[in-house]
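Shared between the two complexes below is subunit A, which pairs with subunit B and subunit C, respectively.
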Partner chain A sequence: MIMPERILEQYKQHLKRGVRFIASVSMILLTVVSVSIVVGSAEVGFVELYQLLTGKGTAFSAQIVYQIRLPRIIGGMLAGTALATSGAVVQSLLRNPLASPFTLGISGASAFGAAFAIIVLGAGSTYESSNDASAIDNPYLVTSSAFLWSILSVAVIILVSKLRDTLPETIVLAGIAVSTLFGAGISAMQYFADDIQLASIVFWTFGDLGRATWEYVMILGISLVPIMIFFHYQTWNYKSLRAGDEYAKSLGIKIDWVRLSGMLAASLATAIVVSFFGVIAFVGLVVPHIVRKMIGGDDPMTLPASAVFGGMFLVGSDTLARTVISPVMLPVGILTSFIGAPLFLFLLLKNTHKAYWS
Partner chain B sequence: MKIAIHNLNFSYNGSRVLENVSNCIEKGDFVTLVGPNGSGKSTLIKCMAGILKTKNGTVRIENRKIESVLPADLAKQMAYVPQSEHRTPVFTVFDQVLLGRKPYFNWRPGKRDLAVTSRVLRDLRLEHIAMNDVHRLSGGQRQAVIIARALAQEPDILLLDEPTSNLDMKHQIEILEILKSLAQNGVTIIIALHDINMAIRYANRIIMLKRGRVFTAGGREIITVENLENLYEVKVSIVKQGEHQFVIPCGHRNETEK
Partner chain C sequence: MINNTLKPIVWLIALSFLMSCRPRSASKAEGCIVVRDMLGRKVEIPKQVKKIVGIRAGALRLLLYMGAHEMIAGIEEIERRGERPYMAAYPELRNLPLIGPSMGGDAELILKAGPELIFMSYTTKEDADRLQRKTGIPVLAIECPEIGSERARLYTSLQFIGKVLDKEKRADALITYLGHTIEELNERTHGISATPSVYVGGVSYSGLHGINSTHPYYPPFIFVNASNVAASIDKRLISHIKGTYIDVEQLLIWNPDYLFIDASGSRLVHKERTENPAFFSMLEAVKNDRLFYLLPYNNYATNYEYVLINAWYAGKILYPEKFPDIDMNEKTDEICMRFLGKKFLNDRSAVEFGFMPEVLSE
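After this line comes the complex of A and B, so read on.
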């Protein structure tokens, strides 16, 4: 007979597996960040970076590193963390592997909000930069509008589920309805837009970390960190819901509150990211699955591991997007799908014996 | 811990499922709920567990209405084992059992929660599969894990909804033996069972439900041909072997009369 102490020891060893995974991904993240600082259309080598850190760098390299690349990298880390964690939470809450905050129509609503600001509120299209066919001359108005419309979509879904029931199926179906509605709204906006307005809308909908400034990073950090802490605090409530609503209720958990507050927080986090950087597909949907495949389905470490992996994945994708056909910088939203889809397919084919979702 | 049900009524979308159900169950009782499909066994269990709320009638634990007890406190007194879990989360056995400690912790399990989980796994002889994925277990092992999860709540009352319905005879007996020993240690067991022979063998009290009402309730003396034939509307005979009695279904009542 194995003594309880021995079982406990085995469990601690099991938990360490998740910790080791997080540590490995963190190391990769650090490497990716280092590479991301030095590569790009403007040359800043490791030597120059060292000189910069020791106070001997040039004004040019300081400008590139401190004002362009670092906000972009930190913004990317925060955005990737928020999208991946929100995706993992929503999948757990709705017990649906295809769920993500995007399934709930947040990206559609956000894109509609941006289009609304560009066309109706005149926030874009009048200015043409040398790099882009069109640009947005009032990004704050576009961002605010995108955020407000995405919050409106979340409010509609939560209202519908409150009026009817908070069953996962109701929330998913309400999300699909809202998503379709905003999709039609975007099409209508595009139909009435002139060429430059149309280009501005399309440009905005490509997720792009190049819009990051220190101001953006500050706002992102202040709003996203409390949401991430909230998710971490709720981990075991989310695990209970995965075992079924009736069972969770029998544990004394207020399932409606847990589900709605989790949905609201995940939607808020996604809405904040999307309104700053545009639509970055795939991270929220697939990163949690990649993590589950690697460390096990509903492991206690799933949320923190998704957070670190999401940050690493987005910064890595962005680095590639900036360099793969340099000097042209691709929007990261395109690269995330190009990298994530084959990676996920590979993982699906590998270790087919290991259950990771039910 | 004593549990008393008084004039309990429950309806799903206007259709009455339980009607004036009353009974009093004492500490350490092993009570089986028996009756045909749709007689209200599962609903009664869920009402007692506080999962389904009803305004008509009361469920009291030690003279306190369950509505007046905080949900987390109720979960420390009473554990519920669902009929089946179609979507078992991809947990290890240890994590699955640890989930039963949720009423005792907020954001993460403490030392005592981990210690209780280890002890329950040892008591149920599941320690060798503690780190296995629940999905990889046989039906019997999985059911034992779900019962272990309920025991991790350290409950005084255990409510089980058909916990042996998908198990072979060996595993049915194993699970029921575990429950019997719990009852001998003072845990009140209330279990919905389809297998009338298992119900007779293990219970010291039987509640027969028919169309949402208590048809009859009592000790093994209520196991009579007349009661069972009226309850299930089939012909039965009862065979005695030593101190045990066995119910044998003999066909549909009308069919046999022809």
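After this line comes the complex of A and C, so read on.
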């Protein structure tokens, strides 16, 4: 028995729920951001911020807010958005709940690429060459290398998913293999790195937003916004793809192109984030799941919801990381795992009867 | 749909922040000079400096060598722990505000401590520029290189700090002393025909290590022309930062006449010995009671004053006839005075570090 009106009504309800969710997460995001601006080791709080905004602030608080806290917060927001959205997209494209930039080895490959650029290509080792151009070129060199190597890991994943009838486990196992390989690669390169290079590489293996500067934020914004817009226009294709390749084909979707472009865009976003902030685990895997648990697995809703939630999650985690054992800061990657894993387990156990992954 | 409108808003907020918060270029203040730091960066700094900080491994050490203990505005968290010579000399520095974790450079904490200059070791141009932009405080890159092979760079680094802090005489005095000492050690020990073979184990590299952790070009051995058995290792496999680790079996094959243990790794070596006494009893040096401790070589970069003390000590042990006039306690005090202006290594610590022939007990 078909009851079109009821189905339509249900779908509208579903959309409403999604919109409500996104709206409330956005509110939380705004709250987290405002809190984040006024907490930190230096005593710059609401009062100082108010003075600053009314033009009576000191140079000290201006430096703290504009040069240290704001770039970090906006950088974190962009990075969280990019990672969570990439995770959601990759999960849809591979029809695999275990997929994420981290579990597929894209993050590891990017970190390897960054290390490769530093050691083999000499980025960052601005010792003898004191021409000013090298300092500007470096971030791009590192990022490009991170991206190129991440493509390699994506190629492996896509190849595996093509050759074998893909069980979710197969792809994740391939991802583990790729991650391990690149992890070994990083260790091997550490052996040949000099001390300063070594410090840079160690940094890439655990994520930290402390490096954010306006220059980074600018590059992040310029490169991530088009990718996010691209994802946004692809959501219906992803939704169809999730229903099965045959079904998507029947709708006239060029599935190979959609899958390839989506994977590449996701790995580019990941590579950019990794090359700036290091490997931040868990955001790409857990955030989409949390979102799906809350509002169901409908791509047109989960993608924007993951985007907002990811930004909120990372900025929130970073705020905690900055304050929890103040004045010493934890790398945010530790906090995202500490918060993400229990939260995820809790949600998994809480409503087992609700299948959100189809 | 709302999500369509929300995203642009988020971006808009982000962008508006971006537009409004571009750094205002600092006006060139009076009484500023432009210096070129160790990475060749041109940095504008105030002529007169009262408060400074040193971040990352070895930076604070070099500042204190320059007699700048009264100018230090904050310390890294790691300086509150551990037994580094410069903190033993100036324990009151432990009460200063924190400026971040080890190898850090936490911009907010540094700003709070309020230095006028930041000295940063183990950094790149990009890194130093970034911290300078974030704090608005001039960042000067310095270096803490190996005292054996890269001594010229160490001298340049010291001279640079001396120049910036108006302590050039102090820098020159220390460099002259270093040069003279190394020269004297060489004069006393060169041309000896049958030099005994030596090995140092337990050297720290980013953490403590056992007997297989060594330094094939251990500067104290080079200064006294001792023949380090590990020097036969391919030079490309050696890093004085990450360390060199040998297969312990190789130690049996080399079987050096003298075995030195870095005091920082002594506990681990002791454990190795309790677990495998047979191995140690096969070593000639152990059989002949020729096992000695040396002061910790590395601890958050190299303890340069300990390098010199170790060199005198190793020389005295290897060729007693060449060092009859040297009393190690006096020498230690002299070196500590020259580097840090204080005699901080007392008799107790000298005994603890084993300034006397001693075999690992049991």
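Methods note: the second predicted complex is superposed on the first by the 266 of 358 C-alpha atoms of A that agree within 3 Å, B and C clash if a C-alpha of one lies under 4 Å from a C-alpha of the other, contacts with A are read in each partner's own complex, and residues count from 1 in each chain.
Assume a contact is a pair of C-beta atoms (placed from the backbone, for glycine too) under 8 Å apart; a residue touches a chain by one contact, two chains touch by 3 or more.
These figures come from a predicted structure and were not determined experimentally.
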Inset, instruction - Decide which partner touches more residues of subunit A, taking subunit B and subunit C as the two options. - result: C
Inset, instruction - Kindly classify A:M27 by the partners it touches after superposition: subunit B alone (first), subunit C alone (second), both, or neither? - result: neither
Legend entry - First (subunit B), second (subunit C), both or neither touched by A:A177: neither
Inset, instruction - Examine A:V120 and indicate which partner it touches, taking first as subunit B and second as subunit C; both and neither are also allowed. - result: neither
Inset, instruction - State whether A:H232 touches subunit B only (first), subunit C only (second), both chains, or neither. - result: both
Inset, instruction - Considering only touches as defined above, state whether A:V47 meets subunit B (first), subunit C (second), both or neither. - result: neither
Inset, instruction - Could you say whether A:L8 touches subunit B, subunit C, both of them, or neither, answering first, second, both or neither? - result: first
Inset, instruction - Overlap the subunit B and subunit C contact sets on subunit A and report the shared residues. - result: 232
Inset, instruction - Enumerate the contact residues on subunit A facing subunit C in the complex. - result: 15, 18-19, 22-23, 26, 29, 40-43, 59-60, 63-64, 66-70, 74, 77-78, 124-127, 130, 134-135, 138-139, 190-191, 193-196, 198-200, 210-211, 213-214, 217-218, 221, 225, 228, 232, 301, 304-305, 307-308, 311, 327-329
Legend entry - In the complex, subunit B residues that touch subunit A: 46, 49-51, 70-75, 78-80, 82, 85, 87-92, 94-96, 99-100, 102-103, 105-109, 114-115, 117-119, 121-122, 125, 127-128, 130-131, 133, 135-136, 153
Legend entry - subunit A residues within the subunit B interface of the complex: 1-8, 10-11, 14, 95, 232-237, 239-240, 242-244, 246-247, 249-254, 292, 296-300, 354-358
Inset, instruction - Quick one: which bits of subunit C touch subunit A in the complex? Just the residue numbers, please. - result: 1-3, 6-7, 10-11, 14-15, 17-18, 21-23, 39-41, 77, 98, 100-101, 103-104, 106-109, 111-112, 122-126, 129-130, 133-136, 239, 241-242
